[in-house]
């Protein structure tokens, strides 16, 4: 797997594609708005004028797109991936989507003889830049093994989880836990503030025991300073919480904690915080 | 501070007192049921027949008691600490209590000329045994400094937080966050199970990203095996959640996430899980 | 509007169709399983062998179907209503669906020159039998006026709400309120029981003040006796709560209370109570 | 029971005392700030200069006070009711308090040979004025029967519930249901607004079915007009929700719905709405 197509150059995609170029892969990039391709071309990537051109130039095509709708369109649209995929060619969708969308794409790819992996990632901008994402793959297991060098370049760890849809499920589970923990951190800091405690000491205490974790460390400071440059936009977190609650609805699993976090994030969205980092939910909680 | 009284030899207290004996302090122990003193005496501690005897034999008396009621009784009861404390003598209550109880005890101690610290700890049995607790002290700052050698023996880190009550507040804030995170972990594992995911992979994925934390690692396995030896009993966690919600009530801070976790823990209590480890709340969530 | 087609003879539909027959309308009935038609034929209805036959025989065709999927299929399926509707002919869907489904059907009907009303109803079996439903109509206002005699026969009150979709929205809003109130009633009775209060006195007290309502009266007794013959099955209520939460998601409206009720109903569903009356949620709450 | 002492002339107490005067009882009133007595004196009441004077002048003394603290002080304070109550004399506390406070007062009254009823009421200003309160009495059953004429004058219905504390419990249960229903109504109207529905039609639809109730009718209009003259102040409702959640904590009864409502009311309190009518919680929910 030397020749790689890369579709989608947003915050995540551009960092991932750049890592592949730097690692010596022959990368052909495509983006809906072509201007985003320039920095990659400068690094040594080739630019495709269309999805089909990117697919044809590559052994495997990766995609990193904004949401289920974009994933659907790029894979299944009139001039999309499936329209030109050759038997035996591989498509790996790394976007975060719901299980149904993943399965719809996987089915269409295999119907034309292609090979498919869903491979959503855990981690936001910084891990994408540092090649330390966590990759949650499912689908064609042989393809998963052939992707080893590619995934090693993009992430620090990868999982093979079974049938298509399992990757999407685990991604939602990781993110719903993260979203719930963020509301807890915000409640802790808001209550501490009302108690007259020093926020730095509170964060240090939280970081000294069994629940110490990188997110509290990183986002705790952001909440104290009420400064939220978007690494993972709040509206995306709310979407993931919503999809997780729906998954619970479908499978008959009550999720009182996650549903509560979802409502709190919805309030934040309603307050116009959708484009801030998801830690900005703290503003709603302390308000 | 060489001569130390130690009141309360439950799971936590006995481990802490043992560490002090081993470190060379002269420790006089007392426990409501005296049988618990034997192992400490074997290690080299002296046994007091009453609270007053323990206090009189010591420069500083520490207490590690089960709940606010026990703290109140040991400090303020007819034959309690305050009844015999000499001016200048020190009392350090390390039990987890609510801020009001801490303040009531602190006031009584200083009224008779004593010196007082509240010093609840973060960490359960294992950190107590290993001397790696986190100590959340507040009250008499000079006394806090004189306690350095004692606290170094018991914990890996200590904080001085200001006025009496702040220690209790921070302790509740740490524990409410922990309780909320436990319900999220349990919801994650329950949903994963319904998705047909492998629990070990789910725990590994949770442990690979920004929310990785020791509690998920430790308790995740316990939940998967549905085996819950009590390190921190569920009924104590529910009590702390209740006290945290009440603190929010008093200070006008809404805590939607914590209140939801409190109700879920109450269900677990109602199902007879109070004496299991607090991770047993997972049984209620997956049920 | 004398000649009426009636599609769907479930608990609700059969009672409504019977009222129309008794009122002298010429009713042609159709049901997926034709056996359900017999009692109506006995009353004087004609039985159609297909949807198309029912539509062709009627000035207006009413439908009362189980869920959005059934509504979609009956209206838009290969041999469905739209496949044979003549320009100017009317279709009125009284099923409870989400706004998107209502709009999809409405669009298809008007595209072939038909006239459309969505008209979900508030009220379950008994009001259906007694002709005392509340009809929440939206779409073609002229058609709404022409339906006056029909709606008078089926319901005690009807609303015209504006564009297609508004009926579905209001139906979900009424039902989410009902579902939330049911969990509150169950919590009240469960807490009262733990207080040692007499359930009858509690119900009488609830019925004596500003929150007295027929549902508490009716379902309160059912909860006390723990006997739940399905008038409105629990799984349908959970579906409506889920759709309401989703509607809030789409419109950015946080619904902490409704989302909490939804999770509680999901627990009841997971406990196998889906086919009992929705008041059976009480069993989960008192458990 | 002709000679009645009446302690506490707030919104509720003054209306109740006035009804007793008008009905021909000999009423001696007392209030912490004596100015409040003037309108009652004008009606024909006598004014007492102290609690003790009011008690001594009466066969039975009624109290209607703001909160548990005031109830405690008036009954058990140095110059309070118990300090001068003669054996066989009766005291009826109609304030809303928690069960523990009711029991503390009841115990003290009976210890000095007095007779006691707790008798909190359901209903706010208007029912107080109209003599249509609902009285939730518990304690001395013979006294309850002797109070028939008095209770008939104050309320439209009364209950005898058993031991002291049961009245307080039922009062909290009624009010927690009311508070939860208010948040549901507010969520319904907020979602309806986002759907573009007409609020009047929504209220009419809610009033046409099984959940129709006087509170929705009365407060629905207030929410639509966002005008909240305090009949039942929001801070009192939050207090009752808090006491109900605590009662559930004590008895091991999870109350997910009520706890959620409590947090929402706390947000409203934090937003400065404590002195508005409790329907003002809608402002927080639609915000």
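Quick notes on this structure:
Should a chain be cited, it is by its letter among A, B, C and D, assigned in written order, with residues numbered from 1 in that chain.
To be clear about the criterion, a contact is a pair of C-beta atoms (placed from the backbone, for glycine too) under 8 Å apart; a residue touches a chain by one contact, two chains touch by 3 or more.
Since the model is a prediction, treat every value here as computed from it, not as a measurement.
Most remote from subunit C, judged by the distance between CA-atom centroids, is B. Annotation: the C-D interface is duplicated by A-B among the options A-C, A-B or B-D, judged by over half of the residue-numbered contact pairs being identical. Taking the mean of the C-alpha atoms as each chain's centre, subunit A and subunit D sit 53 Å apart.
Chain geometry summary: the mean Cα position of subunit A and that of subunit C are 39 Å apart. Shown for subunit B are the residues that touch two or more other chains, namely 248, 252-256, 260, 263-264, 270. Listed in rising order, the residues of subunit D touching subunit C in the complex are 99, 122-123, 127, 134, 136, 156-157, 159, 161-162, 166, 169-170, 173-174, 176-178, 180-181, 183-185, 187-188, 190-192, 194-198, 201-202, 204-206, 208-215, 218, 244, 247-248, 251-258, 260-261, 263-264, 285. Remark: subunit C residues 238, 242, 245-246, 248-249, 252-256, 259-260, 262-264, 266-267, 269-270 touch subunit A in the complex.
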